[in-house]
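Look at the two complexes coming up: chain A is in both, with chain B in one and chain C in the other.
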Partner chain A sequence: MVQFFSSLSITSTGFFVFALIIFGIYYLVPKKAQNLVLLLASYVFCVTWAWDFAAVLIGFSVVNYFFALKISAAIDKSRLRWLWVGIVLNVGVLLFYKYFDQTQYFLFKALFRLGLIPAQMELRILQPIGISFYVLQAISYLVDVHRRQIPANRNLLEVSLYLSYFPKLMAGPIERAQNFFDQLHANRVVDNQQVTDSLLRIFVGLCRKILIADTIAQLLPSGLFANPLVFSFSDLIFWWFVSGIMIYNDFAGYTGIARGISGLFGIQLSPNFEQPFFSTGFLDFWNRWHMSLSNWLRDYVYLPVSRAMLRRNPSGRYLPNLIIPPLVTMIVSGIWHGATLHFILWGFMNGLLQAWERVDKAFRKSAPPPVSRWAVVGTILVLLLINAPFRLDIPQTFAFWTGIFRWGPFQTFTAASTLKPLFAVALSFYLDWKHLATRDELGLLRLPKRTQIFLLAAGMFLLFLATRQQIAAPFIYQEF
Partner chain B sequence: MKTLRITLPIGRTFFQAALSLLVFCAALELFAQTPVSKFLFPRVSYGSSHPHFEIQLSRLRDRYAKEGKIDCIFIGNSQVLYGIDPSIVEQVYQEKTGRSIRCQNFGLGGLTPLTSGPLSKMLIRNFHPSLIVFETGVLDYSPSSMEGTDESIMSSPWMKYQLGDFSLDGWLYENSYAFRMVAGIDRTLKYIEESNTHIEWNGHAELSGQTSTSIEDQVKFFETALNTLEITDRQVGGLESLLSLNSSEVQVVIIETPTHPTFYQIKRRVRNLYPTFESMLISKTSQAGADLWLTRAEIEFPVEEWHDLAHLNEEGAANFSRQIGYFLSNVYMPRQSNNP
Partner chain C sequence: MDQNEIKAKLRQFICKEILNNADYPLKDDEALITSGLMDSFSLAQVGVFAELEFNVYIPDPELTVDRMNTLNDMAFRIAEKMSA
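After this line comes the complex of A and B, so read on.
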C-alpha cells in the first residue's frame, strides 16, 4: 500500500487513485474549504516523494508570501531592494539544491583545509521535485507585485497553493500568479463539458507519454547518446529525429495529463505546446515549445534586457539590440536547464538562430516570402541538429555532429526495428495535425461519433498493452 | 452552491468504446485459439526478456499438448541447449532398456544453478516430468556468472505467477492466448536478433562445425569469469534448492558439463578448483539422494567435436547425448503416475 503511493509519478496508477480520492473529497467539502483540500493534497503528493520536499515547499511559500507583502508595502528604492533580495534568495535556493551535490566535495575540501571543519564531509541533499518550476513562479510573482501588475496576495493559503498545486508541481506549466489567483477567487463550476474536455486531455496525454514517448524510449539503441560514433550516420539521423519526437511527447503528455487533472478541479492551466514540429522558423518554434517557460523568459528576461538596450540606443536596426536580448534569454534558459557547458552551448546556439532571424527581419527590404513546407522541414532539421547538446555533453555533441556527416553504410533499417518508432512518430503527427486542422486542441471531439468510439477503444487497447509490455520511463523534464 | 454540476447521461462515448473493446478482445481471444492464428503468428510471449526462455516454453507446451506426456526435461545453460539432443537420448534409452521415454531440452543461455530450482518447480507443476536432469559445470558457480540472465527469467510476470505471486499480467500470460499472441508480435518487433538461434521442436539447437574465432580470443571472453572463479554459496544454494525437489515422484539427476581441455591447460585456477567443485557435487547430491554423473572422469571430447570453448557441435552433441542415454538407462525408470 505504502509502495503504491510512494514517489507518485503522474502516469502511475497510484497517482490516478490519489487524484480520484482528492476529487471525491474536493467535491464533498464546502466550497470555502476546497482550496485548502487542494493545498493539503499538494503537500501529501510531495510527501509521497520525501517529507523534506514538503518542508522545503512550505518554507519557500511562506518566505515568498512575506517578500511579496514587503515589496508591496515598501516605497521607492526599497521596493526594488526587497525584490532583488527575494530574487537572489529564490535563485540561491535553486542553485543550492541543484548544484550542492556536485560542488560539496570542493567546498568541504576548502573548508577542511582552512581548518573550519574537522574532517572532509559528505552530505546527501536531494533536489526537491519541481523546484526549478516553482522558483520561476515565485520570481514572476515577486516581479509582478513589484511592477504593480498585481497586488500582493494577503492569503497565505492561496500563495502556497499557487506555488505547490500538485498537478503542475513536478514540471509545470509555469503559471502566472494573476491567472491562478483569479481562478482561485472565481466560482469554479465543473460541468459535463469540462469533465469531457479534461478526460480527453488526460487520455491524449497518456497516449503521448506511454504510446509515443515510452515506446520510443524502450527502443532507442543503447549507447546512442553515450557513444554516437558507434552508429552509422543513417542510424544517428533516424534515431535522433525519433528521440526529438520522444522528448516532445514526453513533455506534452505530462502537460496534457496535468491540465486534464487540474481541469477536473475547475482550474485551467496554461498550454505548453502548439505543434512545435510544424514551426516555420526558430522564433516561431520557441513560441510553440514549452510556451509557459518561453513566455516567462520573454517577460522577465528578454523584455527587460531589450528595454535596457533600447534605452541606450533606441534604433530598431542597431545590431546589439537585435542580438544581445535573444542571446542572453536563451543562455539563461540553458542555465535554467542545467549550469553545465553543454546547456550553455545549447542556449547560445538557439539564441544565435533567433538573433539571426531578428536581424534578417529588421534588414529585409522586401516582404517576406510565403511560408513553404520546406521552411517547416528546414526549421526542424536545423533545430534537431543544434539541439544535440540538450541531451549530450560537449564531447558527445561533437561526436554526434561528426557522425551524422560521416557518410557510410545504412544500418538496422529493417521493417521490424523501425515499425514501432514509425508508428509512434505517425501518431504524434496525427495528433498535432488534428489540432492544427481543427484549430482546437480538443479537435478529436469534433470527429464523427463512430470515429471517436474507434479511436478511444483503440487507444485504450494499446495503452493497456503498452503498460503491460514496457516499463514507464520517468519524465524527462522532471530532472530539471 | 454545488461546484460539480454533472448531469446524466455522461460518458456515453467512453462506455460505447469500452464495450466495443470488450467485444473486440473476446473476438481476438477466439481467433487466437484457432490454427490460423498459430500459423500467422507462430511466436507467443510469456513476458520475459530472455532470448530462449519463451521459445523453449512454447516448444514444451506444444509438445506436451500434442503428446500428453514428457518424462524427462534437461535443464541448464546454452551448453545443454546445444549439447544435448533429446531424440538421441530417447533412442539410446529405448535400445538399452526396451522402454520408450519422451525427453525435452530446456536449455537456456546463461542459466545458473540459482534459477534451476524455481525453474524446475515450474516445469514439474506444469508438465509433470518424472525426471529432471540438470547439467552444471564449475564455471556456473563463479560470482561473475550470468545472474542478469536469471533475473530476466525470474522477473517475468508469468514465472512469478507460476511461483504463486499473483498479478494481472501473470494471469493473462497464463490464461489468454490472445495476450500471448499480441505480446509475441511485440516481442518479434523488439528482439529481431532472436531468430538467429533455431530451436527444434524438442528444444535442441544445433551448432555445426567450428567457430572461426581463435582460441586466444575465446579465452579472452572468459577471462573475467576465470580470473574470479570460485564456488559461491549463493549458487550452491541454488543447486540445493533444485536437489530438494528430488522425491519419489520426481527424480533429479545432476550431470557435470563437459569442459573443453583448454580450460584446464591454461588456467591453474580452474585446475585447482576442480576437486572442490567435484566434492561439493558429490556431497550435495548424496545428501539429497540424487544421482550424479561426473563426466570429466569418463568422457573426453576431441577438439573436432567442439564448436567453441564452451559448446559442443552437432557431432559432440550426438556423442554426449548417446552417453547420457546409456547413463539414464542405468539410473532412471519412467513412472506412469505423474501425469494427470
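After this line comes the complex of A and C, so read on.
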C-alpha cells in the first residue's frame, strides 16, 4: 500500500485543518454540489491513509450500487439470488482483508506443495480503514432493498457517499441507508443551535478521548495485558476497571467528534452510547454499548434467526428459542471484531450471559424485583471480567482470570499512581451522570452560563496541557 | 378486525407468554419495554405472533422500542399492515 502523506487521525491537528478547508468549500459551492464536495473530501481523507484504500472503497461502492439495482429489478427467486451473491461478496471481501494475513502462510504452503506456485510466498495486504464498518452498511442496504423497505438508489454519488462519508468512515456509527439518503435529499440548513450542539459534541468527544482515554492509556502499567500474573490481584482489578473506562471513552470520544463534525455539514449521525456503565443487566448493556452495531446485529442477525426459530416452535419458553439467537448473534459480533479465537470466546460468553438473562426472565414466576444500584455494580463487574478476551488472547485471558482470583498482598496504592486515573474515571462518570440526570445528551448546555464558561475554560486548559504532555493513542476501534 | 380486537388478542398473548402472568392488568398505553416489563428481544415473539394470528408481516427494523412500546403502538402497526 502506498502512503502519500501523513494519515489523518480524527484527533490530529491535520484533521481539523482538513475539516475546516472542507467546511469552507462546502458552504461556498452551490447546494447541488455539496454532496459531491463531501464525496471528494471522503476520498481525499481515505487517500491520506493509502490510495489503495480509496480504490477499494470506490470499487466496493460501484459493485454495491449495481447489486442494489439488480435486486430491485429482479423478480421472484432471482431477487433472493442477487441478494445472496451480494452478501457473499461483501462478506468475502471483509474476510479476505481480515483473515488473509493470518492464513496466507498455510494457503501458499499448500499451493507450493501442490506445485501451483514455484516458491513459498508472502504478501503484505493491509486492511483498508473502516472496511468492517462500511461492509455492514452495504449489507444492510442490500437487505433493505430486497425487503422493499427502500428503493434502490439510482444515484451512484449518493450510494458512494453513504459508504464512504469521511466523519464516519474509520469506525462508524453504522448508519442505515434510508436515514442517510433522506438527509442527502433534504435541504440541509445548519442554524446557530446546530452549530452549538455540534461544537459541544466535538468538545466533549475530545475531552473523552484526550483527557480520559489517552491519559489512562499512558498510565496503564506496561505488561498488564502481556503478563497479568506479574501483578497483584488488587492491581489487576483496579487497572482492569480503569482500562474498561478507557475503551469506552476512546470509542465514545471518537463517536462524539464524528457526530459533531458531521452535524456541521447538516448530517446527523446516530448515537453509539447511552451511559453503558449504568446498565442494569446484560441485555440492557448491549442496548447502550456500540448501539449502531447492536442495532445492526439485532435487525440483520438476531431477529431473522429468532423469528425463523419461533415459526417452527412459537413457545417463548422453548430453550433453543431463548439460547441460540443471542449465542449466534454474539458469536457473529466476535468474528466481526477480529479473526482470532479470543474474540469468538468473547462473543460466546456474552451470548451465554444474554441467554441466561432471557431464560431467567422467561421462567420467572413472580414479577421482577425493582432494579437496585447493586444490579448496576454487579452487571459492570461481571462484564469487565467476561470481557477479558476482548483485549487479551486466550492464554493471557486465563492468566488474568487466575490472577484476579489469586488472593495475595494488596498493592499499596499511592496518591501519585492513582490520582490521575481516578480523575479520568470521575470525569467519565460525571459526563454520563449529567446525561442520565438531564435525559439530554447536550445537558451541559442547560447549565447556568457561568458554569458553562468555567467548564469550557477548564476543559480547554486541560486539553492544552494534555496535548503538550502526552502522545495521542490511536483509536482502539479503528483496528476493527 | 378492529384495533380493539387486535389489542385484546395481543394483551392475552403478552401477559400469558411474555410476562408469565395471565392476570396482569396491562393497560393500552402502558410502556412495555422502556418500563422493563419485557425486553426488546421479546419483540421477535410479537412479530411471529402477528404473522400467525393476523397474517401480517412486520419487518424487523419496525420491531423497535420507539414503534412497539405499548399495546396501542403494536395494534396500530398490525392494523396498518392488515389494511395495506
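The rule we apply is simple: the second predicted complex is superposed on the first by the 474 of 480 C-alpha atoms of A that agree within 3 Å, B and C clash if a C-alpha of one lies under 4 Å from a C-alpha of the other, contacts with A are read in each partner's own complex, and residues count from 1 in each chain.
Here is the rule we go by: a residue touches a chain if its C-beta (ideal position, glycine included) is under 8 Å from a C-beta of that chain, and two chains touch if they have at least 3 such contacts.
Because the structure is predicted, anything quoted here is derived from the model rather than measured.
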| item | value |
| --- | --- |
| Combined model on chain A: chain C and chain B, fit or clash | fit |
| Partner chain in contact with A:M121 - chain B first, chain C second, else both or neither | neither |
| Partner chain(s) touched by A:G266 [first = chain B, second = chain C, both, neither] | first |
| Partner chain in contact with A:L107 - chain B first, chain C second, else both or neither | neither |
| First, second, both or neither for A:L36, with chain B first and chain C second | neither |
| Contacts of A:K361 with chain B and chain C, given as first, second, both or neither | second |
| First (chain B), second (chain C), both or neither touched by A:A437 | neither |
| Least Cα gap, in Å, left between chain B and chain C after the two complexes are fitted on chain A | 30 |
| Those residues of chain A which chain B touches in one complex and chain C touches in the other | none |
| Chain A contact footprint on chain B (complex, rising order) | 1-7, 10-11, 13-14, 16-18, 20-21, 24-25, 47, 169, 172, 179, 182-183, 186, 188-190, 192 |
| Contacting residues of chain A [partner chain B, same complex] | 27, 31, 34, 187-192, 195-196, 199, 218-219, 266, 414, 416-417, 419-420, 449, 452-454, 456-457, 460-461, 465, 468-469 |
| In the complex with chain A, residue positions of chain C that touch it | 17-18, 20-21, 36, 39-45, 47-49, 51-52, 59-61, 63 |
| In the complex, chain A residues that touch chain C | 144, 147, 149, 176, 280, 283, 287, 298-300, 302-304, 306-307, 310-311, 314-316, 325-326, 354, 358, 361-365, 367-368, 371 |
